[in-house]
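Chain naming follows the written order as A, B and C, and within any one chain the residues start at number 1.
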Amino acid sequence: MIRARGLERRYGAKRVLRGVDLDVERGGFTLVTGRNGSGKTTLLRLVAGLAAPTAGELEVDVERGQLGFIGHEPLVYRELTAIENLRLYARLYRVPEPRERIGMLLERFALWDARNQRAGSYSRGMLQRLALCRALLHEPELLLLDEPYSGLDSEGAELLDRELAERRGKATFLVATHDPDRLAPLASGALAL
Amino acid sequence: MAVAAAVVLVTGVALALLWAPEDADQGPSQRIFYLHVPIALTAYACFGWGAWKALRLLWTGDQRYDLESYTAVHMGTIFGTLTLVTGSIWARTSWGVWWSWGERQLVLFLILFLFYAAYFMLRFSLPDGPGRARISAVYALFGVVLIPISFLAIRLAENFIHPVVFTRDGPQMSGDMFFTFCVSLAGMLLLAGTLYLNELAGKRLDLRLRDLRESLELG
Amino acid sequence: MTYARDVAALARKDLLLELRARETLPAMLLFVLATLVAFRFALPADASERASVGLLWVAILFTALLGITRAFIPEREQHVLDGLVLAPVDRSAIWLGKVVATLAFLAAAEVVALPAFGLFFEQVTWSTVAAVALADVGICAVGAILAAMAAAGRARELLFPVLFLPLSVPILVGGVGAAVGDDPARYLAFLALYDGVFAILAWASFEYVVTE
């Protein structure tokens, strides 16, 4: 589903990625590991199409609407409530029956009671859970997760464990993490940067 | 090319000063025409070339067009500034003022100068990378659309801002004048081309050096 | 049809944000009124009608600047733009949504500014109203894409006016000409031409502005 050869990305004089090869099968669960600043985030942004590579080739065999992305930022408007944010994304992703879908996700990530609060008033962990709702809203075929556990408390982390285990094999995963042990049981491949 | 540029340009200036017939109304000061107008046309050519390269960048995604577009706009801005300077000198010698809002070309170049100065501010404020290349390219495209629109606007504005007292369209150029003009124009274009290629080579060398230095540090 | 609904959803989101934050519109309203008052004192008592019409246009332009500068700040500060860019909507819909939202703010400011101008200076003619409506489209079409460019850089608020003002000269010519020129229709046609040309250019090139 993802095939990269000699992928390179530079920001001005600084080369963040150099010569990265990557193959991810459909239904695979690939971990991207490496120390801080090794280019994990950049790699995920390239695969998502949020940034263009400066050299090398990259094929991502998935439509734009079939991609779920978790980055450093939750990608929600702080002035809107959880419901309003998810409704906007449901509209943009043409989610059928958005009301049921949003309700189900908010329940699952224990945000239902806070659904009408502004995202700006959320704690870091709640924002991360809202971001997970946002990324899973449209049942994407490919999930790009950049440090998905960051900010989550143990309860939130267990929710995510369960979610990933359930979806493994149904969707394709590319997960950047500095803690590969937690996801090792799920992984079908790994790339060390 | 540098040699050709020098020869043609010197010939053009010599023709303009010594050979071209003197303008009946304006006297010797009219001879700056042979510098001013070719410089202005060369500036347009540079902006047009920059926009063409910008279009190629957006079309193909090939990053080397970014440097070419940037260099062309850079040259255009230099020639545009020269247009303002020579135009101002001409206004001074023929009408006794350094600036005239009645002179279309000059007003247009003032707007373009502001526009392309903003191009450089934009470029330097963006982080280096493909994103900067694309945004710069889009802005360069806005520039070539702005040129005819502004020209039209200036013509329309003459009706209520400043009635045109002087026109330089006046008498048709004689054959000798036209020939001199063409030689000057060719000289300017060659000069711009030479500067463009030089600058481009210099910038490419910089990038290459940066690459090598980085490879050394890593290796 | 989905395109129109995407645009509507994005514009509605901006209006909702404004309703919550109440930052941009009140600032624009106060600014345009304060500017008109300040101009009253900048103008000699025997100043011509032409001069005051020019000031009206400067006031409108600067008010638009104030509003549009902030157009992409929520997206950039909170990085939500990535979220919009990832969604399977045509990227130009993001631009058009912003155009619609900023147009609404600008029109609201002008609903106050034009009567105020009539009160402080002189009656507003129909050709001026038509020119303002046409100019708004061009201002917002160009403004929205330039604001996205400026927001990608470091200087943001400083950069936007510098990018925008050279492009706004033709709008001023069209606007002032429609008020004081002999043949308003010519100037209105010119404004429509400006709108058409730059709207098409911005629509076609916006995609390149929002991807890295």
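To be clear about the criterion, contacts are C-beta pairs under 8 Å (C-beta built on N, C-alpha and C of every residue); 3 or more make two chains touch, one makes a residue touch a chain.
Nothing here was measured: the structure is a model prediction, and the numbers come from that model.
S.K.: Name the graph shape formed by the protein chains and their touching pairs; answer line, ring, star, complete or other.
M.R.: Per interface graph, the chains form a complete graph.
S.K.: Tell me which of A-B and B-C has more C-beta pairs in contact.
M.R.: Looking at A-B and B-C side by side, B-C shows more C-beta contacts.
S.K.: Approximately how many whole Å separate the CA-defined centres of chain A and chain C?
M.R.: 36
S.K.: Starting from the mean Cα coordinates of chain A and chain B, work out the distance between those two points in Å.
M.R.: The mean C-alpha positions of chain A and chain B differ by 48 Å.
S.K.: Cα centroid separation between chain B and chain C, in whole Å?
M.R.: 30
S.K.: If you look at chain A, which of its residues touch at least two other chains?
M.R.: In chain A, residues 51-52 touch at least two other chains, as defined above.
S.K.: Which positions in chain B touch two or more other chains at once?
M.R.: Those would be 129-131.
S.K.: Which residues belonging to chain C are in contact with no fewer than two other chains?
M.R.: 211-212
S.K.: Could you list, by residue number, the parts of chain A that touch chain C in their complex?
M.R.: Touch list, chain A to chain C: 45, 48-52, 63-65, 67, 69, 71-73, 75-80, 84, 88-89, 91-94, 118, 134.
S.K.: Flag every residue of chain C that touches chain B in the complex, lowest number first.
M.R.: These residues of chain C touch chain B: 50, 142, 145, 149-150, 152-155, 159, 162-163, 165-167, 169-170, 173-174, 176-177, 180-182, 186-187, 190, 193-194, 197-198, 201, 205, 208-209, 211-212.
S.K.: Over in the complex, which chain A residues touch chain B? Could you list them?
M.R.: The contact residues of chain A facing chain B are 10-13, 15, 51-52, 54.
S.K.: Which residues of chain B touch chain A once you look at their complex with the stated criterion?
M.R.: 61, 63, 127-131, 210, 214
S.K.: Under the touch definition given earlier, write down the residues of chain B that touch chain C in their complex.
M.R.: Touching chain C from chain B are residues 58, 111-112, 114-115, 117-118, 121-122, 125-126, 129-131, 134-135, 137-139, 141-142, 145-146, 149-150, 152-154, 156-157, 159-160.
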